[in-house]
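Going by the order they are written in, the chains are A, B, C, D and E; count residues from 1 in each one.
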Amino acid sequence: MKLCKVIGFATSSIKREGLSPYKLLVLKNIDDEGNPVGEAFLALDTVGAGLSEIVAVTTGAPATNAVGDKNLPIDAAVIGILDQVTINKKEVYTKNKEE
Amino acid sequence: MKLCKVIGFATSSIKREGLSPYKLLVLKNIDDEGNPVGEAFLALDTVGAGLSEIVAVTTGAPATNAVGDKNLPIDAAVIGILDQVTINKKEVYTKNKEE
Amino acid sequence: MKLCKVIGFATSSIKREGLSPYKLLVLKNIDDEGNPVGEAFLALDTVGAGLSEIVAVTTGAPATNAVGDKNLPIDAAVIGILDQVTINKKEVYTKNKEE
Amino acid sequence: MKLCKVIGFATSSIKREGLSPYKLLVLKNIDDEGNPVGEAFLALDTVGAGLSEIVAVTTGAPATNAVGDKNLPIDAAVIGILDQVTINKKEVYTKNKEE
Amino acid sequence: MKLCKVIGFATSSIKREGLSPYKLLVLKNIDDEGNPVGEAFLALDTVGAGLSEIVAVTTGAPATNAVGDKNLPIDAAVIGILDQVTINKKEVYTKNKEE
């Protein structure tokens, strides 16, 4: 899964059916310091993720499993809000500290 | 989903069957200012997207869901025309403003 | 779908069964001027594409749809030979002109 | 499969159901000397991998096969802990030596 | 399919079931001169590929077709040993010559 930061939101009134119940998040991968890097992409929110939270994003066909509908035309869904990330036993992100 | 700008169109007379009803869009990912970056790619239009619009593109096997035919040999489909994109509470794209 | 140029061919006598009827093309993505860029990759030809033609390539599981056999171990197939590509209303490629 | 090093761990209390039994590993691809490179990503542990181990990671839809549940919304799973990696007949990694 | 060179081998004693009958190859993409480039990755051998051979590698879900078991947790398999690769009518690789 991608290790990402929620950096924004997108809205769309003209879209394929079935997408309306979900918020469309704008995300970026993060570097070792937790800073967003690279190009932004979109994912469906299925866990109630908020701005600046660090999340796990499933891409490709398994993303449809996050909404329980294998016929939805999506390829990315946030499947978890991370509480803590440690790299080499060093705490690099803790949710409460950041808020 | 990819966050893209429609930059052009492609036509093809020799192609696999089932593709004829759909327009073939030329797209690029966008950077934080909404400018197209990287290499162009192709996606089927399923929402009536126009030149210069910012859209959501689903890639891989779920793209076939956008046309309701899992047997179509496509790996990218535009699934939504975006109205607005905000990054860190700042409006970076609004459809009416751009037009 | 990838927007590619056919740059060559590959042959293989030791390969998985089911692949023999198809020509193996060598392709590269193209830049905005239509020049091949990046690393070469392979795709099955299902439309009779020739050297130097600009084509649409479907990757991943949907590529198997191009040969009508979801059990074939392939992840890339040429699904269309492009006639024309326009970017921002400017014609960047036209098949007859190039030949 | 990706050739990766386990560099850390992530925890998540708000996540899609079905994910609770699995540890969430933080991984990076490795270079020819076995050093982690590029951006970190997440994968489910299905083999009991420990920090600093070199592992094989399956991505995309087949990752769900590692947990025997094609409905789980995951796109990456560690499927093997590597004992030895040789490149051009030279031993570049051996598990016991590193420990 | 990826156009790759076999650069090594990996062994794993702790791994998901079903993987034991297959050799785990270490591969890299090749550049226009046939030299390995980028980061190494792993693929199952299903054709008896040897060190330094140029091969076609199928990735993603279709890789499971190469072993005839859609439930195996793999995302890459060598599906063919290449005999010859030509780019722009110039022979860039011929198996017998290299050996």
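Just a few scattered comments:
The definition used in the following text is that contacts are C-beta pairs under 8 Å (C-beta built on N, C-alpha and C of every residue); 3 or more make two chains touch, one makes a residue touch a chain.
Please read these numbers as outputs of a predicted model, since none were measured by experiment.
Counting hops only between chains that touch, subunit D reaches subunit E in a minimum of 1.
In summary, no chain was found to touch both subunit C and subunit E.
Averaging C-alpha coordinates per chain places the centre of subunit A 32 Å away from that of subunit E. With each centre defined as the average position of its C-alpha atoms, the distance from subunit A to subunit D rounds to 20 Å.
Each of residues 60-61, 63 in subunit C touches at least two other chains.
In the cyclic arrangement of chains, the order starting from subunit A and heading towards subunit B is A, B, C, E, D. Subunit C contributes residues 1-3, 29-32, 37-38, 46-48, 56, 58-63, 65-66, 77, 79-89, 92 to its touches with subunit B in the complex. Those residues of subunit A whose C-beta lies close enough to touch subunit B in the complex are 7-16, 19, 24, 26, 39-43, 51, 60-61, 63-64, 70-76.
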